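Paired with subunit B in one complex and with subunit C in the other, subunit A is shared by the two complexes that follow.
And then the complex of A and B:
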């Protein structure tokens, strides 16, 4: 096992020991404020088995994950092309930028009440809010990525007489791709943040729903289970994106290595 | 065919009346299959001349044409080799060279044959699958030259192509370019500020004044090269020692020095 990974496991192990000592072992933190490892474990068993907050853990995870993936995919399917367009065409940028300047300062979470008013407590409202929040970083980073492509590289493409579609797919997109992936990572984070917030406000299932019900029930163990579940899912999806990035940017790792 | 013609070309960057006057009354004809080098003090607009032929810049006044047709936009009939190589870093060496041929809808078998021929000619065969950043600067510029040559262009535009290379690599590349240009002659417009390079490579050398750039004089190198049989020498340093070479080089040096001196007055 590589050294870094073993150190990482050791750190987590030590944190768990301290957690145990502070709660169960020495009793410094009362269990009403923060759950002990045992309470957290029993909450996990509770939600996985009998279920909690309207469903069992698998169902909550499935619902949250599904909404994040859908919202995220909608956001990048619209945001990346728009960013390409704005980066490429000064005219498109001139038209779209003012709208952005107005919408951008609005925190994505501020759209939640409106979304619920329009679409109710179901999936549609959440997908819409995730879309709003994940859309902006996709657009802005894609736009910056296009603007960052070396001018001689673009001129080389003009010189070679590229058909339009091939110019977009083989020059603009790969040229902007390092920044596009930065945007996707930010979009993914925004998706999780927004999802949990949206589910906290109102939902029938999902990890945010678990957190919300557990808070009302004064059930710290269950709150922690919800938080840990969100953390693991967020980490896992980011990791998947990282794998896709490493594959798509193989040429760039060579480039970065060459620069030293 | 590939005759490049500048007639009464002015170039002003910014507003016509108040902008920066880069070029003034450029008149120059580059004959078919001729290797023309333009030298001049930095900032004299020599690269702008090339960019106008490439179609990246438009003349403010006058006409730049190839075979009598005024240039409107960039195109594969005028292949460019850039100082900074400008390869597509996300494409392999092979795919970089292939792209221009695909754009011309050349059939697969034909493309493969042409690419493997040019890879072979440029000693790149074993690097076909490498990404540009895995190669040295000299290798990258070989790829860029291959990418231009494979298109079989009428006109080859080279903008200080060896300016970013170290001295040893540069010499090797110059020798290879001579070999390539003699074997497979094209109309070449070659921009440089290295006087030896211009004299060694070109059939004619145009000397430009400082900005606003004008053509100060055009020297015929080819007749001297042929008379003195430069091409019988394999190494660049042997040619550079010849009296005829030194004479031409010194002449150009003096001419450029005058421009430099005038700049400081």
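And then the complex of A and C:
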């Protein structure tokens, strides 16, 4: 849609001009409240060169990204199998569902103080809360995905005497995979939110730490740089997941067409 | 290997076994002394602490007091998000040009985690009530917009065509076709919003606040009072559950009313 894209660019361009006019040009917004483009640029130079909040930008980005990836991968490795099990076995569902029902209403961010009490301010506590926040959407969507598989497909596999391992890898997982990926996208989003919150509460490095120190220093330029960095990382990892999804579902033309 | 169906009785039995196993394991681990009670207090300790906090002050207020402070902020932020987000989403769904202008901005902002607004929120509105409201708004706003947009977009085109053909004036088309058919989507958006808003509030209170249940938990953590932290988690979960149930009920009532209308 070229019309859409050109209007999009025009909008972003106009917003940047308004930003410049309000801050530098006309000085309506004081620089203590919101940074001008020049101040944001200098903050970016500051954090990537001399460093800020305990390290340079590359180091903060690396550490935040590392924690999100680790927590997210742990969540997939535990959540998807549990979801498959709950979707497949009515008994497992009956046992596990009530436990989920009492844990689920507690938002992942509310686990942060407990994680700090248990594991301190280091990486382990962050991985724990990220794992937790990403775990719940992976389980629920995998579970729903298994339940959505056409019954005749399951019955055919059963009738043809498919061995258990092949049944899981060739029927259950592929059948549930569109929903699994929906869950993973939610998980990834939750991972970033949780990471930023956990780092804002207490950390030695990472983008949340940059935001926290910038807030205490009343340094709006650096706050904006931190936010933009978080947004770019969130966007980039989501795109990567999209690529993985397209690759994993390449056999499933119907699902891809439905997603556009 | 075929999926075994189980009866309701079996399912209830297994469910209570699961819950009992979970709480029992927690209790046994806590009282056995393998894990220190500072680390993992038993469920009974948490229950005791919860009831104590109901009328004893901790970090400046009782638990109901903290919850009231939190809920007040939540209500303001949530209402603000709904009042701005729903009309914006509907207008974006109806007028393509607005959609094309707002969507790129919205997509760019969507990737900023709501919690990342905390520093600006504190800078602009302080840490009392304004800052947290802005964070809740940041969490609750996107689902309101997206679901109102979807609701407006996926109206059965035949209805609009029929209305146009019969010469219905456009304000009546909006009021009698577009709005009613987007209501279910709007309500489900509100449910997502309430959940995200409530979670963002907890996050905001952990970082910047001087009252509220999140603040109470941070103080509990600073005092190494694990029971207080866990009691706070229980309270947050209960309020979140109540919010969700209330909106679910609203959803059902609206659906039923429409079922009768048709």
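To be clear about the criterion, the second predicted complex is superposed on the first by the 242 of 260 C-alpha atoms of A that agree within 3 Å, B and C clash if a C-alpha of one lies under 4 Å from a C-alpha of the other, contacts with A are read in each partner's own complex, and residues count from 1 in each chain.
The rule is short, and it goes like this: contacts are C-beta pairs under 8 Å (C-beta built on N, C-alpha and C of every residue); 3 or more make two chains touch, one makes a residue touch a chain.
Computed from a predicted structure; not experimentally measured.
Subunit A is touched at more residues by one of its partners, and among subunit B and subunit C that partner is C. In the overlay built on the shared chain, the residue A:171 is in contact with subunit B alone; subunit C does not reach it.
In the superposed pair of complexes, A:196 makes contact with subunit C only, with no contact to subunit B.
Once the two complexes are overlaid on the shared chain, A:152 sits against subunit B while remaining clear of subunit C.
Touch criterion met: A:160 reaches subunit B, while subunit C stays clear of it. In the superposition on chain A, A:16 contacts neither subunit B nor subunit C.
With both structures placed on the common chain, the touch criterion links A:38 to neither subunit B nor subunit C. In the superposed model, A:246 lies in contact with neither subunit B nor subunit C.
Shared contact residues on subunit A (touching subunit B in one structure, subunit C in the other): 155, 158. Interface of subunit A with subunit C (complex): residues 3-4, 7-9, 11-12, 15, 32-34, 88-91, 94-99, 102-103, 105-114, 116-118, 154-155, 158, 164, 167, 192-193, 196-197, 200-201, 208, 211-212, 214-215, 218, 220, 223, 226-227, 230-232, 234-235, 238. For subunit A in complex with subunit B, the touching residues are 150, 152-153, 155-163, 166, 170-171, 174-175, 177, 250-252, 254-255, 257-259.
Taken together, the subunit B residues at the contact with subunit A in this complex read 54-56, 73-76, 78-80, 82, 84-91, 99-100, 102-104, 131, 133-134, 147, 151. Across the interface of their complex, subunit A is touched by residues 1-6, 10-12, 14-19, 21-22, 39, 97, 100-105, 108-109, 111-120, 122-124, 195, 198-200, 202-203, 206-207, 214, 217-218, 220-221, 224, 226, 229-230, 232-234, 236-238, 240-241, 244 of subunit C.
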